[in-house]
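Chain lettering (A, B, C and D) follows the sequence in which the chains are written, and residue indices restart at 1 in each chain.
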Amino acid sequence: MKFVLDAEQRMFGEALHKLLAEAGTPAVVRAWAAGSPAPGRALWRSLADAGVFALAVPESAGGVGPLPVELVTAFHEIGRHAAPGPIVETVAAATLLGRLGDEAPAATWLPGIAAGEAVVSLALPPAVPYALDADVADVVLAVDGEEVRGAAAGPVRASLDPARRLFPVVPGAVLAAGPAVRAAALEAYDMGVLVCAAQLVGVGRRLLEVTVEYAVTRRQFGRPIGEFQAVRHHLANVLVGLEYARPLVHGAALAAGSPEFARDVSAAKVAAGEAAYAAARVALQVHGAIGYTDEYDPSLWIRKARALYTAWGSPAEHRARVMAALARG
Amino acid sequence: MKFVLDAEQRMFGEALHKLLAEAGTPAVVRAWAAGSPAPGRALWRSLADAGVFALAVPESAGGVGPLPVELVTAFHEIGRHAAPGPIVETVAAATLLGRLGDEAPAATWLPGIAAGEAVVSLALPPAVPYALDADVADVVLAVDGEEVRGAAAGPVRASLDPARRLFPVVPGAVLAAGPAVRAAALEAYDMGVLVCAAQLVGVGRRLLEVTVEYAVTRRQFGRPIGEFQAVRHHLANVLVGLEYARPLVHGAALAAGSPEFARDVSAAKVAAGEAAYAAARVALQVHGAIGYTDEYDPSLWIRKARALYTAWGSPAEHRARVMAALARG
Amino acid sequence: MDLDLSPAEPFRAEVREWLRANVPAAPLPSLETEEGFAAHRAWERRLAEARLSVVSWPARYGGRDATPLEWLVFEEEYYAAGAPGRVSQNGVNLLAPTLFRHGTPEQLDRVLPRMASGEVIWAQAWSEPGAGSDLAALRATATRVDGGWLLNGQKTWSSRAAFADRGFGPFRSDLAAGRHRGLTYLMFPLDAEGVTRRPIGRIDGKPAFAELFFDDVFVPDRDVIGTPGEGWRVAMSTTGNERGLTLRSPGRFLAAADRLVALWHERADPADTALRDRVADAWIKARAYRLKGFETISRAEDVGAESSVNKVFWSELDLALHETALDLLGPEGELDGDWLEGYVFSLAGPIYAGTNEIQRNVIAERVLGLPRAAR
Amino acid sequence: MDLDLSPAEPFRAEVREWLRANVPAAPLPSLETEEGFAAHRAWERRLAEARLSVVSWPARYGGRDATPLEWLVFEEEYYAAGAPGRVSQNGVNLLAPTLFRHGTPEQLDRVLPRMASGEVIWAQAWSEPGAGSDLAALRATATRVDGGWLLNGQKTWSSRAAFADRGFGPFRSDLAAGRHRGLTYLMFPLDAEGVTRRPIGRIDGKPAFAELFFDDVFVPDRDVIGTPGEGWRVAMSTTGNERGLTLRSPGRFLAAADRLVALWHERADPADTALRDRVADAWIKARAYRLKGFETISRAEDVGAESSVNKVFWSELDLALHETALDLLGPEGELDGDWLEGYVFSLAGPIYAGTNEIQRNVIAERVLGLPRAAR
């Protein structure tokens, strides 16, 4: 039993951290929100070159996956750097396509996903009713009961996080149908919830990092605000929340394929969502007015934390899934 | 509109505060818990002499009531000094008897209640399934649907608050029956909830008083602990909670007899219970180990706050009553 | 003790009727846009024509000498009717009380009527980079010159300053004096020579406030409020208003809580007691805030440190209420709309007008009597 | 990365089987009574006979050299079986690690086997009136005499000391030295000449701890742990144990959370999502604590300040879990019983072993690297 990332997994995370830091994601996110997806698409391809998307694609379709532990390692960094785009949705779509049984749509899209050439958005109602960034996606999939359809994007709905462009879907041609779709959709949802939780932990971690940095440098009433016990204790509580969300995410990743996967990804999403949102509230409170401004970078993570808090299932929905699983014993 | 106690009401409260302070209630409470009710009975009579119980008894039966504002003024002091005994239950019983329509039981008990000669305990299931201090009471009433019965006390059940001795009831002779009982029991419950809420605000206020005093005098790491921001902010939050519970209690008292009474006493109980329990948690945390000891007086209020938090209806039950009232519009 | 609101009922009826007849059917464009700002200014004129823009003011300045109870009732009706946000609120709630307390008759006659009519919209200019909640650290200067003062330096987080007409706030007029001394409280035009304003996007991108840069901006003596050098005292005398009832009247939260209850009945699963309890708490707290308001106006004495108690309570109530709404909306919660706008607005509550941490320090010292502590 | 527990499964099976066969059907009388204390001591002997009282110790002292994973598994099984509380836990979790680190071979051979068998029950004697979380303020003294030391002064909040056999803790041996210097760590008999113990009632009245008064109590040199004057370092080297995993193993909370889930299924209205969400949170947090434990033992390095993170988490989890149970029980919640006992116990969590406020300071400084602050 060794319940920590092994050396290779750690190096993979550090490499992504370096890649994303050098990409200067804040500018990429602002461009994405402003409707200029080019830098985001470039970043997408470098994530693919680093092997991120292949982690979700089965070997049979040119990938190396599914590798849930490596995926949560990647999404921790993706959240930490607020990388834009339907990354969660594309990974969930890869899981969906890989599980359909029906080879045709898998063969059409999975190699492109693994290579970073296919940006996929996905609507998975009821928890995921809108397709994220559908205007930028190469394909939009919409699951409806036992059908997977190609879909067109309706009029955009603005989100609290301007880098999240949400679209109602207009279902088109049926790509796959049958009971296998229902099972595949459930697996896709669980995988989406898992990587969304990992992303939230990364978002919370960055918020803690920047807020600690601010508390050390910003002075008020003649001393660094990090000396005030109220600030210190707020930040300590944020750390505690994140420290206990991470093992739930890792534990859920290791439960992939087991009957506990759904229960464990829901537990991870609850803890990660609460920890990241608490981190956002404290980041805002400690930064004060400047944290409340669009132009100051912490706003990118503060908005994302709140948006992801209810995305891919609200905490209440996931608590209900946990208790339902426990009821079944 | 003058939504503050008038001079006479303030003086009444101050007189009770003086009376209870001079009575040395902590010793009375400890004796009561140890099974020596004599000092408590003496205090009961002096509360009656001060006019407390007459406030709940209609003039027709030798009282001056019902006077809800004066009652909550009294119960604020009763909670502040942790006076022991079924005081809430006796007031609720007076309301029940006064509303029965049936004169016989009212004539039998109300004059004695007003005079402080009759200590009454009451079971009002489901929210009040046990009769408090039934062994000390002169009469135990048990409401069951459309019947009021005299009742005997079953074996005592120990409470977290040793001054609260709870007894299952063994129903006896029917004292009154009919639809009027149901209506009277509801009014009795609402009155009990109201004065219990007032008592909770008094309990919370005393806990804040003693904890502030402790924080000013107790030194750690070379300074009064009241200088530490964590302690200061805990105590400030307790004050805020109590400051907004009080007007809800007063507002509910003024709503007596109106269709909003049930809704408003429930709102008051929720706010008073949360504020008093928060005061107890902070009192314990600020006092540290000494607050966790039986022999140190704050424990009297810390235990009472938790016990009353779920007595006369849990916060959840009262939130449900509020929302039900709002649903009816 | 009583809760007899009947003395204010005739006024309530008049206000309700007027609002029913006059509140625009469609919501005005956002206050934080140029177009919306103009629309809200026009709305203030209509309120003024009905003598409803500043009901608690003396009639000679455009008010109708309403009692505090009548004012609370007006606010309840105003927000219950879903009437537009008050673009003039910083002037009405922060500058006007300052003038009533420290202004000259000439200033009152000159400033108040045009404020009441919406002809002049005022922006508060207090905070500076490096001096948020810490007013004593202000550095923008007012230098004595013949017949007036020259303003230099920078202010920030000036609400509405992107589109407002005039500003007000304390400037450092005596560099030698101590942190709290040597401040002078001034009114100045935002379109004057030497004033540069840079709109700042709120966390949702809307330009809700602005940075102001001053380069030898001349202000005549008649626009000094109170005694030069006494600006700290002048400023402090109204911080209570900002934290207390006037800026956040109970009516605002009663209306929001009622809307939340309606949203719950409309959208939520009645069996979902987790949400139900949070909705109930929002309604209970809004009601507590209303009753506390009646308590406050029933007492003669000044609210003082009680305004800090108020501020902690309403800011946390407002945030919790809107978080509950977003959670109730589930995946719709992050989408643009009234609830999200209200949530974004509520996020600022615990920060501005003195962070809640500072308010808790004030409560600890001035209300609870805990020893003064440096930290 | 993996969660492969199979290496510990044979041991788990053995422990489960032994507990199934040996855990008393009826719960023992409360540990905090003389009768219950004796019963729990006898239970420790039975555990020792099966070499299950100190599984992680070396065999020569009565253990079986269990791996950290095997120890976690033992704790899971132990609490899942509802086995009695561990009357010897202060010796096993606090004194033993100190001896392993600082004790002499002679001390290890003399003290540990009789601790493992329950023959000698140890009480921790650290706190003093006026020195709770602030060990540097200790005033009880150890005076050098021929062949040993004389103890004088007072200790308090000594858990189990009402009925225990021996105590251990730091005493001030050099009054001249600074706050953290001049302490000597000693073991002493509680029934010795000159020791007076006054049981102190816990908030529920049970004598869970005691005050100790020392009047020239002689302690031979062989009962000094580590170097005289180095007691601070000796004491600090095990505070991590008290805050960390060893005193509050995940098994304890996993079992409590499972019991809460069972209580919810048995007693709660399934539609009551408010309670359901709190039950879910308790289960999720207990599971998080378990996984964090696996993480901790998977890392080689010392836990250090992480034990402060642990302590804040488990103490708040334990309290929230028991508050949920009492609320779920409604009017029964205040009645004496296992849940109330657990609640009373959980109330002490945020206070002892260094209050959570102090733990947050430690986290802020040692984990987050915030500037050191006096307050």
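Simple rule for what comes next: contacts are C-beta pairs under 8 Å (C-beta built on N, C-alpha and C of every residue); 3 or more make two chains touch, one makes a residue touch a chain.
Just so it is clear, the model here is predicted, and its values are computed rather than measured.
Participant: Looking at A-C, A-D or B-C, which one is a repeat of the B-D interface (more than half the contact pairs shared)?
Facilitator: Copy of the B-D interface among the listed pairs: A-C.
Participant: Count the C-beta contact pairs for A-C and for A-B, then tell me which is higher.
Facilitator: Most contacts of the two pairs: A-C.
Participant: When the centre of a chain is set as the mean of its C-alpha atoms, what distance in Å lies between chain A and chain B?
Facilitator: That pair's centroid distance is 51 Å.
Participant: Approximately how many whole Å separate the CA-defined centres of chain B and chain C?
Facilitator: 40
Participant: Please set out, as single numbers or ranges, the residues of chain D touching at least two other chains.
Facilitator: 272-277, 357, 360, 373-375
Participant: Give the residues of chain B that touch two or more other chains, as numbers and ranges in rising order.
Facilitator: Within chain B, the residues that touch at least two other chains are 227-231, 233, 316.
Participant: In the complex formed with chain C, which residues of chain A make contact?
Facilitator: On the chain A side, the touching residues are 126-130, 157-162, 164, 166, 219-221, 223, 227-231, 284-285, 288-289, 291-295, 299, 302-303, 306-307, 310-311, 314-317.
Participant: For a test of understanding, state which residues of chain A touch chain B in their complex under the given definition.
Facilitator: 228-230, 233
Participant: Please give the residue numbers of chain D that touch chain B in the complex, ascending.
Facilitator: 127, 130, 132-134, 137, 156-157, 200-205, 272, 274-275, 326-327, 329-331, 333-336, 340, 343-344, 347-348, 350-352, 355-357, 360, 374-375
Participant: Which positions of chain D touch chain A when the two form their complex?
Facilitator: Contact set of chain D toward chain A: 1-5, 7-8, 69, 261, 264-265, 273, 276-277, 279-281, 283-285, 287-289, 291-292, 294-295, 298-299, 309, 312-313, 357, 359-361, 363-364, 367-371, 373, 375.
Participant: Touching residues of chain A toward chain D in the complex: what are they?
Facilitator: Those in contact with chain D are residues 1-6, 9, 69, 208, 212, 215-216, 224, 226-229, 231-233, 235-237, 239-240, 243-245, 247-248, 250-251, 254, 267, 270-271, 316, 319-320, 322-323, 326-327.
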